[in-house]
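In order of appearance the chains are A, B, C, D, E and F, and numbering begins at 1 in each one.
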Amino acid sequence: MTQNLSAAPREDGRADDELRKITFTRGWQDHPAGSVLVEFGRTKVLCAASVEIGVPRWRKGSGLGWVTAEYAMLPSATNTRSSRESVKGKVGGRTHEISRLIGRSLRAVIDDAALGENTIMIDCDVLQADGGTRTAAITGAYVALHDAIEHLRKEGAVKGNPLKGSVAAVSVGIIDGVPRLDLPYVEDVRAETDMNIVMTGDGKFVEVQGTAEGAAFDRAELDALLALGEKGCADITRLQRAALGLDA
Amino acid sequence: MTQNLSAAPREDGRADDELRKITFTRGWQDHPAGSVLVEFGRTKVLCAASVEIGVPRWRKGSGLGWVTAEYAMLPSATNTRSSRESVKGKVGGRTHEISRLIGRSLRAVIDDAALGENTIMIDCDVLQADGGTRTAAITGAYVALHDAIEHLRKEGAVKGNPLKGSVAAVSVGIIDGVPRLDLPYVEDVRAETDMNIVMTGDGKFVEVQGTAEGAAFDRAELDALLALGEKGCADITRLQRAALGLDA
Amino acid sequence: MTQNLSAAPREDGRADDELRKITFTRGWQDHPAGSVLVEFGRTKVLCAASVEIGVPRWRKGSGLGWVTAEYAMLPSATNTRSSRESVKGKVGGRTHEISRLIGRSLRAVIDDAALGENTIMIDCDVLQADGGTRTAAITGAYVALHDAIEHLRKEGAVKGNPLKGSVAAVSVGIIDGVPRLDLPYVEDVRAETDMNIVMTGDGKFVEVQGTAEGAAFDRAELDALLALGEKGCADITRLQRAALGLDA
Amino acid sequence: MTQNLSAAPREDGRADDELRKITFTRGWQDHPAGSVLVEFGRTKVLCAASVEIGVPRWRKGSGLGWVTAEYAMLPSATNTRSSRESVKGKVGGRTHEISRLIGRSLRAVIDDAALGENTIMIDCDVLQADGGTRTAAITGAYVALHDAIEHLRKEGAVKGNPLKGSVAAVSVGIIDGVPRLDLPYVEDVRAETDMNIVMTGDGKFVEVQGTAEGAAFDRAELDALLALGEKGCADITRLQRAALGLDA
Amino acid sequence: MTQNLSAAPREDGRADDELRKITFTRGWQDHPAGSVLVEFGRTKVLCAASVEIGVPRWRKGSGLGWVTAEYAMLPSATNTRSSRESVKGKVGGRTHEISRLIGRSLRAVIDDAALGENTIMIDCDVLQADGGTRTAAITGAYVALHDAIEHLRKEGAVKGNPLKGSVAAVSVGIIDGVPRLDLPYVEDVRAETDMNIVMTGDGKFVEVQGTAEGAAFDRAELDALLALGEKGCADITRLQRAALGLDA
Amino acid sequence: MTQNLSAAPREDGRADDELRKITFTRGWQDHPAGSVLVEFGRTKVLCAASVEIGVPRWRKGSGLGWVTAEYAMLPSATNTRSSRESVKGKVGGRTHEISRLIGRSLRAVIDDAALGENTIMIDCDVLQADGGTRTAAITGAYVALHDAIEHLRKEGAVKGNPLKGSVAAVSVGIIDGVPRLDLPYVEDVRAETDMNIVMTGDGKFVEVQGTAEGAAFDRAELDALLALGEKGCADITRLQRAALGLDA
């Protein structure tokens, strides 16, 4: 790893291991059981958790619940307008990939048996994109999921606690040889290596997805990125707890 | 028309010819040339106007511009979650119909020649639905369109003024025999007759779409609804001008 | 409203408030319960009403029937060949919009409870298009629906009379400032304002859809169009009754 | 071949080698260059030949023309209503297969070089189905193609004669061991073997498609069907020539 | 028939009525009940027969089984890469046509009642194409079907023998006036007439599909092709029996 | 990490850090510039690299080449038959995700400028699935890509060497607390954590994708999996070099 000690400072003035300003607006929408507008700087994702009684056919009679997710981006969310997937008539590969990632990440903290035969559908709609939309989506989706489950518990629709823990996610990358946390779009497009890390609130990994965008990376670089991700997820976990009014 | 003089007051306490609280948040998004979050009570629609150089193939070489619109609803916007059209792989009839209505309404105040061979795409994404989403969309889209055109003019991309006037829209309906303005969802589902009216700022009609939901309506009822729509559109026009900082 | 008193006479020699020659050929097809070829001048629409036992899933157990419609146009029906929607793999916005309009119009005269849990599917296939295809479709579909219901009643499949009245439709428009009834294609493309009016046999409105094609229209113009539409629908109602052999 | 000498007579009273009543109504539609309503008994197919200047991309610059076909069936054409392919969003296998067959059959009598870089699209829309729709479609399409080419020649759009000959088609089958010509639906569903034969006016084969529906067939049965098909196509050729006003 | 006695010999040195080298590799895959890699020269088709308990909805309760087929081609199988149908989002006409042909051919030797309410799905995936893929597919599919049925019988899932006979297929064509058996790609593209013949092991016809590619063909040519097809199918039947270890 | 020292031995008798038998059959198909059948135990993937002159529209005029991939699975490849994506009319999320992974992995070793404006399309079709299909696909695709590029170089279609290095991939996972290399299906479904690692021949990472299937994993477990992946990729690199006849 050739670390460039004289790297230019970040455009937004943050330290290399510092998150953007992250906010959670709970109850942004009236209808879903949980609805959170999460913002990572200028990235805005509306995360809604809707509860449906029953589970998909292949899971019927198992006594187990199901949590799944759909990610999408408004055409107007991006720098230059992107075309609408409903109009194109098909969901693109990137959308599919991220929807699946969000679903897996949330299922990692769900006790399917405690949920019972209920389905929670998580919709993550990106209203504005400035890098890190998938990690913001996971982070906000957890808060919406939490609220939806509290709603179910208050209504007596589930007995125990289907939520086994919390989950947070962040992007990290190497820019001009320097590992940095929580990349906005201008850094993301310049990153040599880009990694998305999803962790539980107690510091374990749920997903690690690292991609060499420009050049392959060595083990030392990988270790530096993992450390930065661990730090970022721990910070985000604290913000999630604060937003939910839980004692840190 | 059997007007029920003892009709129950409106649930939200409004007079029959009174609009819900309408707000316009301009510049809600950073990327599009015009971006407005319009709220009619609890109905929230994000309207974005994106400019593209060039026009669709069938209009090339005409010297004329083009304005078109796409309407959509977030799955989480409705009372019970609706399925995502991109996932279903096709745009539904209602969505098509409303997208076309918005496009036609805005084109009524556009001078195609002054716009030149530029396309303005209007995206109207319903973030929360509580009745009147299509009329809120047209109303907000006009403000976004205005901002996008101002942007084009400042940049010198168009010379004259492609905007010939303003456009506003409102829903009216007959509930228990009483004509009412600007129906929220609870009134909309109970309406015997439902009408959407689109008018220019100088009081002319662009679209009149009346539908007998329960029973056919007579000419007197139609006239009452038209009068109410004229009143509502005039009120909305004033609010649009105020939001745009134009002297009323 | 600037009425152009010296407007050129209509190309087909009709008075401004005169319908084209309208004919109904009942029983044009052998298989459907009702089948009518309706002609408005050179516009030809084949309307078929097919009966199915049972209703869509969302209506099961309600004891209520369902009437719905599908409109389509043969590729060879238009001036220049249009492409086939099945080959394109999707139904276009205009097609969707008209199918929905036909369905709503017919449901306005149906007593769902008297129909019982039966579905009547109305297919309106345009064999030749010369303006006014949607209003011809509604007009012919009513006759086909009538025949299908008579068939059901003869078979004893329904007890009372699910048909509460009749429905007719016509287009009106303003050409060179003159309101005209029942526009053929050459007038339709030149109309400043275009309105489709659907009325019951007893003179009430079911649908009013007015669109400013060129310039917005004022209330006086709207009133003139409504009056013309009322006159046209009354005339068509008489022709429908004659075609059905009912005493006028 | 076990020929059942005591076979019941045909329901419609025809001899085994006799065609149904075949009629051609030329100019049924106003817009296409050629438009023919062909009837084989109760089977009605509307065949339209539309001319477009230019050829598909893969054929550009070759100097050669192109003839292709699309076959479809109205939902109301069949015994029990069939669902609409545009609504299903895809063209079915049977439709594809027949469209391709019609296209190949007509191309057999076309001189691509004489046609020049023009495309003729043949639309065959079945308005009523009573067996033999694909063979009726080919038979009628030839007449529409003839008229479209005459139209091109009159306009001077082509120089020589792109039509090298005529083409006719008929179905044959074995019912209760008896070979029969031109099967209506009631015979078609009972046929052990079903064959569609397409021939040129000078007695050569263009397509032979035989299918064992119930039991495999031997060479003698095949020969009997071929002979019957040859007879039927010769009869149809005479009817085509008469309809076109050519001296037999 | 103008037979060209001085025709150039075949590129691969075969006699005109000689098959390419045909091999069957049974059990090529581990999972399906029957799996056969069939090779006709350089044409390679992987045929798999998978058994599912139950039948499609329209056949439920009939006591009868169902055999159906899906044919497809790898993009890399052809001379120049062809695009992937899943990516295009629709199955092409040729693919549909061949899938239907394979299904019909196999059903000709199936006793539906003996099969009981089981479905056998035949997948024929062309791994390399050098002409005659559809006839190779039918030929190999029969062997895979045989193995799947033996598997069902060993497991006691069916009682009697659902297989009433064997089925084989071959292509024949006329090249430079000479009828030839089993055409590779280089001959296929030059053939004036092309015929696919499907026959049972006891010498009866299941399908005969002849197409004039260049010029229409006369009865003598047709007879010559049929004779060649009969010869080829008989040869292939012997090879199938040998591959299955049945006494010839 | 709780390592279960008494874990049962692997079903196939391998050591925990031992690969399955891996074979490469080069030139399996005749048509593509590179074609390799790669086998990892019972997993068989046919990898084809086809060259096309030119690049996608968005890359035209850049002077740079493009490498992309499509992954698919035969319906008959899996334990129980899976449905065909072309028939379903859409590519599933998993397929999309893997196609994108393969493309990115190969692009990591491509010098776009040296390739020039040529496109190499990699098709990876799984003929039999027994775990690790995506890593086998990447591994085999590299060999096919190598052969395609050699072909281009021999033909003089590219000047320098567009291949900057080699790429190999392997799956690792934790089964009953024990990290294991190259998981077959029976281990894959039981893995608590599953990781796919893609590395260059000189030991750098291209992709790291780790997923907690059952329980989140800690940093020690992650490190163990990374070490195992590094070992496996190094072993596979040697096998690739041997298959390509390069001096190890």
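As a convention for this text, contacts are C-beta pairs under 8 Å (C-beta built on N, C-alpha and C of every residue); 3 or more make two chains touch, one makes a residue touch a chain.
Just so you know, these numbers come straight off a predicted model, no measurement behind them.
Among the remaining chains, not one touches chain B and also chain E.
At the interface between chain E and chain F, two copies of one sequence, more than half of the residue numbers in use are shared by both copies.
Centre-to-centre spacing of chain C and chain E amounts to 51 Å, using the average Cα coordinate of each chain.
One simple way to say how far apart two chains are is to compare their mean CA positions; for chain A and chain B this gives 34 Å. Mean C-alpha position of chain D lies 27 Å from that of chain E. Within chain C, the positions touching two or more other chains are listed as 89-91.
Taken as a graph of touching chains, this assembly is arranged as a ring, one closed cycle with exactly two partners per chain.
Within the complex formed with chain A, the residues of chain B that make contact are 29-32, 35, 42, 46, 48, 50, 52, 70, 72, 74-81, 84-91, 95, 121, 123, 125, 127-128, 130.
Across the complex, chain E meets chain D through its residues 90-94, 96-97, 99-100, 104, 108, 195, 199-200, 203-212, 215-219, 222, 226, 230.
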